[in-house]
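There are two complexes below, and they share chain A, which is joined by chain B in the first and by chain C in the second.
The block that comes next holds the complex of A and B.
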């Protein structure tokens, strides 16, 4: 039997493996190598990739670049805020739908709806809302909340503008995952809790939350990855003006604003970006998996 | 005694206070309106001229004129762009489903150290941001003459693979080997073994793979931007991007942009209304693994 599958392994696995190698693996490895060269996109400064090897020079330069460092910090700030905001909003929605019980299909459909739409399309709508509707409601003569006006024209305010927007967009997705998790909790756990006369908060803290750990792992993984890599909404809302570039956009801009386009430096930024995403992703999975086992 | 005292609806998970549920429904309704607000806002402003949009953004249009919508649809070459986007999405997702289901099946049935290593590499690729390989990728594909629509489809095929193999692999482990053995004894070929036994059994996860990949490929901006750029044949998202960028960052002609955004999101919203059961199920299945 195992000999039969062994015989077919290469013919059937090969299409996928070739595609993966050509699109992901090989370009990734080449990219690693190019980050140590003076690559200009269409040519190498020294003639060939080997002869334009510059060691860590690209890395030294990007860590002196204020723009790059700013986008790095900006991305981390955004990610921290967005992950908390999206997960908490998704959990609250799931708990409310769970509590409400039946006849919630329409709510579920509506809450998930913004996920279908592209970040660019949504960003354009929100740009107008922030620039026009918010200014009208919160501006002078309105509620007079200065912080909520001109949100797309200030680095710090734009951080909140982005968080509001992605929360609106992604909370419904996380809600679906949490609902699936809530449905997996055995009912007799709550029965036992009721018999012991514990209150709702205690039930939530000691039954719901620990039992939800698998869902929390997935939600954190998805929100972390999408927040760190966010690009479309960033392009649509400000396109990086007023010091609002996140890392993805910064890497795109590096080749546009250097002459000749410094692909070597952009590639070094991209490698740092990868290391950042990989480390954060692995730490998160490690910690939450550990909690799952403990719980 | 305690048992008798507990109410008959003890199987429900929380103690329900009278009125509590009504309050929750009220809050949910408010949030639902808030969720829909940007989309309703988009819709009503797609029927107004620039002056009316800027002066009275919250007001209903005075006369429901379709002139802005038809203007915008022709500006973004709606018919052609929708066709191209649908074509790219369908072919890419087909490629992903075909390659990743076969690959996962072989990885599950040949459970050796090397296939576990392969699976690890494939799933680890989910952590690789597109930015860290996009420039070499475009460069390589260009040198093969693939900086075009077919190349774009191949790229999506490769990118979708990691997550899809992860999903299929998790699901296929539960397909009993005995079923396949029985079919083999009955003289089934490798083709009918896969397409008549395995593939139908993993159909729920295929729905997930289709939905999750379709969503990002349909809406993707960066890859078409890098591969196609401002070429004649563009995707919907790309048309929208250029419509906005060419119109200028600060002098925004909203009477063009709003109906263009509306046009670009209508196909997927219509699809969602009809297939929402599959959307929700697909997303849920993907999360539970």
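The block that comes next holds the complex of A and C.
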């Protein structure tokens, strides 16, 4: 077997490597290079790459940009809320399905369904829900909960609107991962617990949670990364109105809001964004990995 | 293993390296290579004439024996698509751009100054484009041939006017409306509103003439729920196009606005205050589906105040005025074709004083009887393709704009108002005809909003439009003169904030 891998490693890996290099690595490096220049999308200011080299100027301007800094904070706030909300909802659904008996497949499908919708479609559906359904249910004459009305017309409310929406979208997917994790926990651990007379909570806290750590690592990583990079839903729901641009949208807008389009600046923002996502992602994986235990 | 493994590793490395160089060299400068599968390539960035362009190009191909590659696209993302085409190895010879894109292409040198066109006929054609309609970076160049003319104002169904005031013929009303002052207009709006809500049939004065409301409502006029069909959810409808009204008091063209000095931007303060006052009037008299639409959260919701909803309100006879451009015609056609024959444009008026207007020779009276007209897109020649492609593209433009067949194509197939229309140009489209009348009478304003920071995309929508939408339209309550001032100050500041950024 190992001989097979030795012999075929390069032929089998090469197509993937070439693709990865062509669509990820090389564009990334080119982009990194652009971020140090006055690149305008189709040309360098001054005619050549070297004449338009601006050093760290693009980076310096990022941190003077109020819009960028606001988007950064907004994105971090959203991510913190969304990660907790999605993982908890996903875990609760998974635990509930443990008791669903025969209908488990049906519920699993239903909960997973929202995940099949594209981000834009989802955003527009929820825009309608927030503007019409929510306003009617929670508005005057209804339940009269002011906070849940006109949720897309306020920066803070919109944060919650986004969290509700992505939770609905992604909790089902995370549930699938948790179900797989739960199924891998040996039943005899619970039996041992029962013999020791421990209650449900203790079983969950000392058996389920530690044994579920590999799933938690994956779930946290997926939710963190997708929350930080959220774009479609943000565009569809508010398109940045009321100071609700997240980082991806902000980067996209940088090109639209400058003439000639300042791709160098946008690229620098993208690099900072990448570093941010990478650092947060790696720290999270490092921490949760450490907590994983063997059965 | 051994030798073989090393060899494979080397090939892999070499392949990766070759790939990398290939991609890297893609962004370096290249000599133009003659295309093999077509003679030249047209990038058409306007969706309105996409289908018609297809047929026209087919006819032109049959006539000349050339093979033309045509790509049509017309969304907000047209700029990105054009950029990637301009970066590719198959570059368009003829592409569309406008004042928003011209900085980019003139700075890169990809756009041909038609003053230096190799085709003498095109050079002559370009020289005849009227000065205010020319595409340039600083006023000295002449980069494009206009696609067409578009314009906007208060669209009105003259039958509604007839029935409101019990007239046999709306012409005198329309003429008096055009000549009326802002105050008279304001009285008209209040009068119509009182008529709608309380059946109060008083009279109004326009240009000194008195018009009395019909004593009782007709089937048509009883449908009215407000004076204006507004689209509060869409910032471009007021940020760009109403913002443009104020800008017309200070800038005579988009190029002027693009090269604005700080003093000029400061001069926008007064016109913007007057504009805010006007928008206050409009938004206080907005029509809704079942009764007036009031300022507040639903005034800016996309389900109650989108562009489509506003067109629907107007087409359904619930509003007297729709402040829109002639591009709305096909949308109205879909909803209520019956009103098409009686549609016309009336001018948008601002309560300006002569001292607010900084353009020489422009009076308040003239301003208030004019509608903005401008060129949304231009045909431009790409200098980065072979000489032959450039020449073929130039010949196509000459054919389209000078031959009888080409000119007929613009009017009949594209349904476009030619930039050089004369009184013989007639459309079935009443809004187009109305614009041509204003054009021939010389009652036109320009499109300086396209020269504001990042065109409308930034200042019009994200600065001016956002101030209105996020702080004024979305809440109930009065706007005070203090509010007008604040709106104007913040809009001016928002422009200055980005003025010296490159």
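Quick note on the criterion: the second predicted complex is superposed on the first by the 276 of 295 C-alpha atoms of A that agree within 3 Å, B and C clash if a C-alpha of one lies under 4 Å from a C-alpha of the other, contacts with A are read in each partner's own complex, and residues count from 1 in each chain.
Simple rule for what comes next: a contact is a pair of C-beta atoms (placed from the backbone, for glycine too) under 8 Å apart; a residue touches a chain by one contact, two chains touch by 3 or more.
Worth saying up front: this structure is predicted, and the values here are computed from it rather than measured.
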Which of chain B and chain C A:229 touches, first, second, both or neither: first
Partner chain(s) touched by A:26 [first = chain B, second = chain C, both, neither]: both
Which of chain B and chain C A:41 touches, first, second, both or neither: both
Chain B versus chain C as contact partner of A:16, first or second or both or neither: first
Partner chain(s) touched by A:115 [first = chain B, second = chain C, both, neither]: first
Dominant toucher of chain A (residue count), chain B or chain C: B
Partner chain(s) touched by A:6 [first = chain B, second = chain C, both, neither]: both
Which superposed partner A:98 touches (first chain B, second chain C, both, neither): first
Chain A positions touched by chain B in one structure and by chain C in the second: 6, 17, 22, 26-27, 30, 41, 127-128, 132, 241, 255
Touch list for chain C against partner chain A, complex: 1, 5, 8-9, 12, 15-16, 19-20, 23-24, 27, 29, 79-80, 83, 86-87, 100, 103-104, 107-110, 297, 300-304, 453-455, 457-458, 462, 466, 469-470, 474, 501-502
Chain A - residues contacting chain C, complex: 6, 10-11, 14, 17-18, 21-22, 26-27, 29-30, 40-43, 45, 48, 127-128, 131-132, 135, 149-150, 153, 241-242, 255-262
Chain A contact footprint on chain B (complex, rising order): 2-3, 6, 10-16, 20-21, 24-25, 27-28, 31-32, 34-36, 38-39, 41-42, 54, 57-58, 95, 98-100, 102-103, 105-107, 109-110, 115, 118, 121-122, 125-137, 139-140, 154-155, 157-159, 161-162, 165, 177, 181, 184, 190, 194, 215, 218-222, 237, 240-241, 244, 249, 252, 254, 257-258, 261, 264-265, 268-269, 272, 276, 279-280, 283-284, 287-288
Contact footprint of chain B on chain A as seen in their complex: 1-2, 4-6, 8-9, 12-13, 15-17, 19-20, 22-28, 30-31, 34, 41, 93, 96-101, 104, 106-122, 124-129, 132-133, 136, 168, 172-173, 176-177, 179-180, 184-185, 187, 190-191, 194-195, 200, 203, 215, 218, 225, 228-229, 231-232, 235-236, 239, 241, 247-248, 251-252, 255, 263, 266-267, 269-271, 273-274, 277-278, 281-282
